[in-house]
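Structure incoming, see below.
All chains are identified by letter, namely A, B, C, D and E, in their written order; residue positions are counted from 1 within each chain.
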């Protein structure tokens, strides 16, 4: 059992990292967007390994589904010039690379040197049920807020995308 | 005394200010009369308080306490002692005369008097506060109206001067504020309860290092206002740029805030710190006196002469403070009063001339005594006061300072210098002062009649009010100094007791 | 359902926001001005409710804390929102579209802040923060026909997202290290387990996230651009309320969850405070646009507020609370004056303010005294606030920091007085007209000016309330 | 009477404000008020003198009245007090008498001047101050009035303020005196520091027992600077000749008879201090002697009638100071008194001439005796008195000084004094021969002055004759038993000295007659022969020029340097700080590039830096 | 054995890759994509913590769901803004958005 977990982990990790790298390195933004979907899917796989099946489903639906589609639409709507050079680096990329790398080293070292109080135990039985209880129980306030937040995001997106007076 | 007379003195201008806010802008005369009435009320109340003050009892009188922010020990507590009562009177006189000196004002009259009254409220507040918080609060209230008054109604590089003055004063007060907060915290720890009350704070034993540090902060903070060399440059520029009434109030009263703060907060709370820094003050004050006076000698603008003369004269006040004994401190306080009146007189007169002649360049004048004999007489009396002529208030003050510091027997710099030598140098200032003051009088008012100034009218009517009031004050306290010194001494006595009780420590050098 | 009663303010605010949204769709175009009045009235009413609940305290659903500290900030947000709404009447009407949504977003942003200030738990804290951020993104870009506004919006949304990502990373690390998202439990875990590398790194990341919100240098760089581009009332609201909310949450997290690490994070805050005060004030000097000037000035104000954090004491928290409140009125006052002016003249350039004192004494006076309050000149409230802040840090022995702070506030006087100089010393242009100000805005300006005076002259009740609420953070 | 003596200064003091505020518009009332006040003072002064005689008030047993003026308990007690002893009484009489006569004279002299009322107000103020000075019972009060007389002197010298020379002369007088007062002030500060009192009587009791004579000598020398200025002794004499720009009655009253004598009076008052310090006494004597000779030589070459008299005054004051220095206070005071009368007379006579001719250059006058009989007669009497011919007053008093000098063994000074006597006679009669006798010059017609002017002349002429008799050997040295220090003493009449002085005086007069009494080109020839010496004398040894150079180049130069330093160096530093702040703001704003990814980069770089800064805890070093 | 640290390292790496994208890409949409990667990385952390530290509860998962919700809203608003700007300036590169500076 551990072996399969490890196997899947490494596989999914490789997919996630490779496709994430592809997202940021490729020069064609459409390709980047497609690899982004792959990354999201990989992450969803990792959730399953972490016994968060419900979350994996949400991940696929929201990220790989909705968000990715949104992004692709946006790319299409803002396309101009050569699509093969639509996703270039800016002048800061070297500095950005250094900063990102150092940050990773720091983060990895900081977390790697920890001794975590890990416990293994039985899960909360029904994953979905537990989450639902959490939403309606202790996390009711954030839940309501999240609802409002989505509403705000929606209203905002409509407003902004529709533009100002010229549309009316 | 159930009537809160001090608060009334302070609030009379505020009431006047509120009335003026309601008066339409074109009713200029009404505005001026309102301002005059408001300041007159302050003046009358101040005189009443001065007369009622019981010198024999001494100490703080006309007390009034209102709890303000209990958690920080802030109280609105006012009261005057022998040192602050003369200052309150000084302020009342100067502002009252200042309103009359501004009678010719035609530009944005309403705003002018609003800011002027705002300014004077702050000044009154400082002198009557017994609570360090309110002391500082009022201290700062005075600054911004000053900026606007100079910036709008000033002359000669007014914007530069206004900004310079404001920044100098604020940066200085920043140091004072740090000192005040540090003191408050130290005392709160020692006493176990928070208080800003100066008397209570004075009872705390501060350790020597703390005293040295905080006194130095106070020295910078209040020294800027005095102004102590080399932090004095705002004052000539500010004086020159300011409109008449503001110059009067500024040189007459505001500079005294610095010296008063240095005594009331610096010396009174930190006698050992004062002893430590006194030699530095003493040396710097000589620079003030001699250097300031010599610079005054070569100025070409009338107001610059007076501006630098203030630097020079306030040097005497510093000497009085540095000598730290009864006579010198009496003299310092008296000098604050006397110089305030004298310099206000000067500025009122110069303002009068400038208003009519539109120039202050000494070289262009000459023989003005023909056209303006009263102004000339007033100016001469001011000059005589300035050079310390007996019979005028300044003489008594300077005399006390000189004799106080002269009799202080302490050598500095390993015997190279002593207070006596410094006093001698300071006294030499009276010669330089006589030279430049009388040279200015000569070059401006004496000499053949110049037809180009024939259109100038002599001071008359309300213009005479400042001249008469200020001259009368100078003469009154010059001939009967005990009216003043007895009161001041009752205020200085506890201070000196505190200084004497303090550890004898050597100065900085 | 006692616990739901504690949530009255939040529920009312949410209802108001949604109601406004609905109104915006239902009310015919020409009558939509009334929506602003409804919003203002609603906010005022909610503020009344919040004031009546000032002593309420309790915990709702494990992680949502109602206490005087939170209520204080709620009142503060409501006051800021109310002023911003009043300020917006004419401004938004001129824009001419989507008024209902505008006020709804304003109210919902306020809701986000309230959540942020009351969260005793990381998840709701995060959601409150995001609600606020997203609402502000939309509001910042609200002048849809203006390219600057859109630029402000995208800068805010992208940088905001990045900063919330790093904040989130930090939150995740703290969750991991503390084993919980509830602040009290984290504090217990930290007290028991001590500092660990992940915890420290998480702290740093959280600090970066909050520093972004409170515009501490060097995390401030979005703010001048966004402030300049956003509609003026939004800028006003953003500059005061979101900063105050940031501080509220920051205090909750750092004082609530991580007090045992204070030796560590205080050093970071010292560095931030120094940089913020120095850079904010220095860069404000050469500004020529009033909104940019106020942006840099509000950066520097964050530096002073950080001093309260540095002091790590009851006095410090109290000082932050007091200062934040007066900062609302000071900054809103300045922005209201700027709005009034730009409504009349359409300009934000300081040189166009020349002679404003002649054209509108009220606007000039409000601007002047608000700026003076920001500079900390008595008798304005700013002085008392700064006094408390400096007291707080001097009591911890950071005299040098206090000297620096005071000197820097003297630098700020310089540039504030440049505005005063234009208004009072300059002469109005030849053909200029008096600046007309709508009655609502006039009232709001006068009220905020009066509050500044009152808080400066009689600070007692507010001080007491702030200090008493602050004590809770240091009770075991 | 003595208990009302305080009224003597107070009456003229009251006259001052009355004239200024009430009677200014009515000229004759102003004069009346002033004269009435001083006349009353004169009467009281006579009364005081009489009472001093009758009650036997002596130098050792003076009468003192005082009220506190300024007190700081335990530290400082300043009294407004009066001290009456024979010295005071004599001075009171002299001052009130001369002042009275001068004021009467002025009614005529100032007739028609627009500043008539002010003139009388100033004179009243002056009289008040001078009388206050005379009566003062302590150093503080004497200084107080000392300064006030200086003020009046300033006002009166600059009375014709429209004349630039007058204005300049007033300034010069005041500032020069200020230098002296500075020394004086320091002197009595030292005394206060040593003895804790200003009171003359208390000091007189304390000083003799004081051990630290070096300090005492310093104090005395500093106090002496005061008289050097006020009594126009070298090197602070420069103001007195210029003071002649004032109206002539002023010159008579202030710059000849009374105020300039205040220095000598101070020496007399403070004699107890000086008497115990031989070194200081020597200094005093030589300063006096030198000044006497110095100014006499200058007087020889002057052409302005008032300047000649001014230098003569200096010279005579030199005598008095010298007398003090050699230890004879009696002689000094005696000469002070007689000199007051005849020098006032000389000045008033000169005023009469000027009033008539409006001309001051003696070489443009001539033959005045024909038109101005009274003036000429009285002037000659005074000149004879000044020259020291018996039996006129000047003879007795000057002789007393010379005899005292000789007696006390100061032979050098004695010879010097005799030489001065010769020069005095010479220059006075040079003046008389040139101005009053000889040919009339074209265009100048004198006329005799009105009665208000001539009557005072006559009275003073009488006094110039008789006032010396109070101190002659034939009247039992009355003066010396009255005003003295220590024991009453007088110099035994030394007939050799008397004879010599009479001879030199006659020689001086004769030489003057030879040169100027008849048409002659001798003076011109001598002047040409010794051109440089002559120029030196005409230009008063260039002292004024040296002082002017010092003031212009050194003092003003230094002041300009300070001014530059203040404006550029000090201000530059502070303004520089301000500019630095502004500039750094301007540079720092460039960090704000407008690019949001740069902002993000800055944010994350900051995070990285903070994390690295905290590296130790992050990597588990510190925090574990 | 796959430990918590593996997941954390993976999360960290993903976060930094996303960060690199957000910092270094010109296109605004690509920047948003980078940000989405960062949020995903955090989610990995959260879920992993939840799984390894307190498997009995679902706090981390709940948190992650909220993050996803927020991310969706953010993306929506962000893309709307990009479209808005594009419509006006025909430009979706962020480094041209520097009208306001200094």
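Operating definition for what follows: contacts are C-beta pairs under 8 Å (C-beta built on N, C-alpha and C of every residue); 3 or more make two chains touch, one makes a residue touch a chain.
Note that the structure is a prediction, hence the values are computed from the model and not measured.
Considering every other chain in turn, the ones in contact with both chain C and chain D prove to be A, B, E.
Here the chain pair with the top count of touching C-beta pairs is A-E.
When chain centres are set by their Cα atoms, the one at the greatest distance from chain D is A.
Here the chain at the heart of the shown protein, by mean C-alpha position, is B. Spacing of chain A relative to chain E, judged by their CA centroids, is 6 angstrom.
If each chain is reduced to the centroid of its CA atoms, chain B and chain C end up 42 Å from each other. Chain E has its Cα centroid 65 Å from the Cα centroid of chain B. The distance from the centre of chain A to the centre of chain D, with each centre set as the mean of the Cα atoms, comes to 102 Å.
Under the contact definition stated at the top, the residues of chain A that touch 2 or more other chains are 90, 92, 95-96, 99-100, 103, 106-107, 109-111, 113-114, 116-117, 139, 142, 146, 149, 152-153, 156, 159-160, 163. Shown for chain E are the residues that touch two or more other chains, namely 8, 15, 18-19, 22-24, 31-32, 53-54, 59, 62, 66, 70, 73-74, 77, 81-82, 84, 94-95, 97, 99-101. For chain B, residues that reach two or more other chains under the stated contact definition are 167. All chain pairs that touch, listed by label, are A-C, A-D, A-E, B-C, B-D, C-D, C-E, D-E.
Note for the complex: chain D touches chain B at residues 68-73, 75-76, 140, 143-145, 147-148, 151, 154, 158, 161-164, 166-168, 170-171, 174-175, 178-179, 181-182, 185-186, 189, 192-193, 555-556, 558-560, 562-563, 566, 570-571, 573-574, 578. Per the touch definition, chain E reaches chain A in the complex via residues 1-10, 12-21, 23-27, 29-30, 32-34, 36-37, 40, 43-44, 47-48, 50-59, 61-62, 64-66, 68-77, 79-84, 86-87, 90, 92, 94-95. Against chain D, in their complex, chain C makes its touches with residues 154-155, 158-159, 162-163, 166, 194-197, 200-201, 204-205, 207-208, 212, 218-219, 221-222, 224-225, 264, 268, 271, 279, 281-287, 411, 414. Listing the residues of chain D that touch chain E in their complex gives 589-590, 592-597, 600-601, 604. Contact residues on chain D toward chain A in their complex (touch as defined above): 597-598, 601, 604-605, 607-608, 611-612, 618-620.
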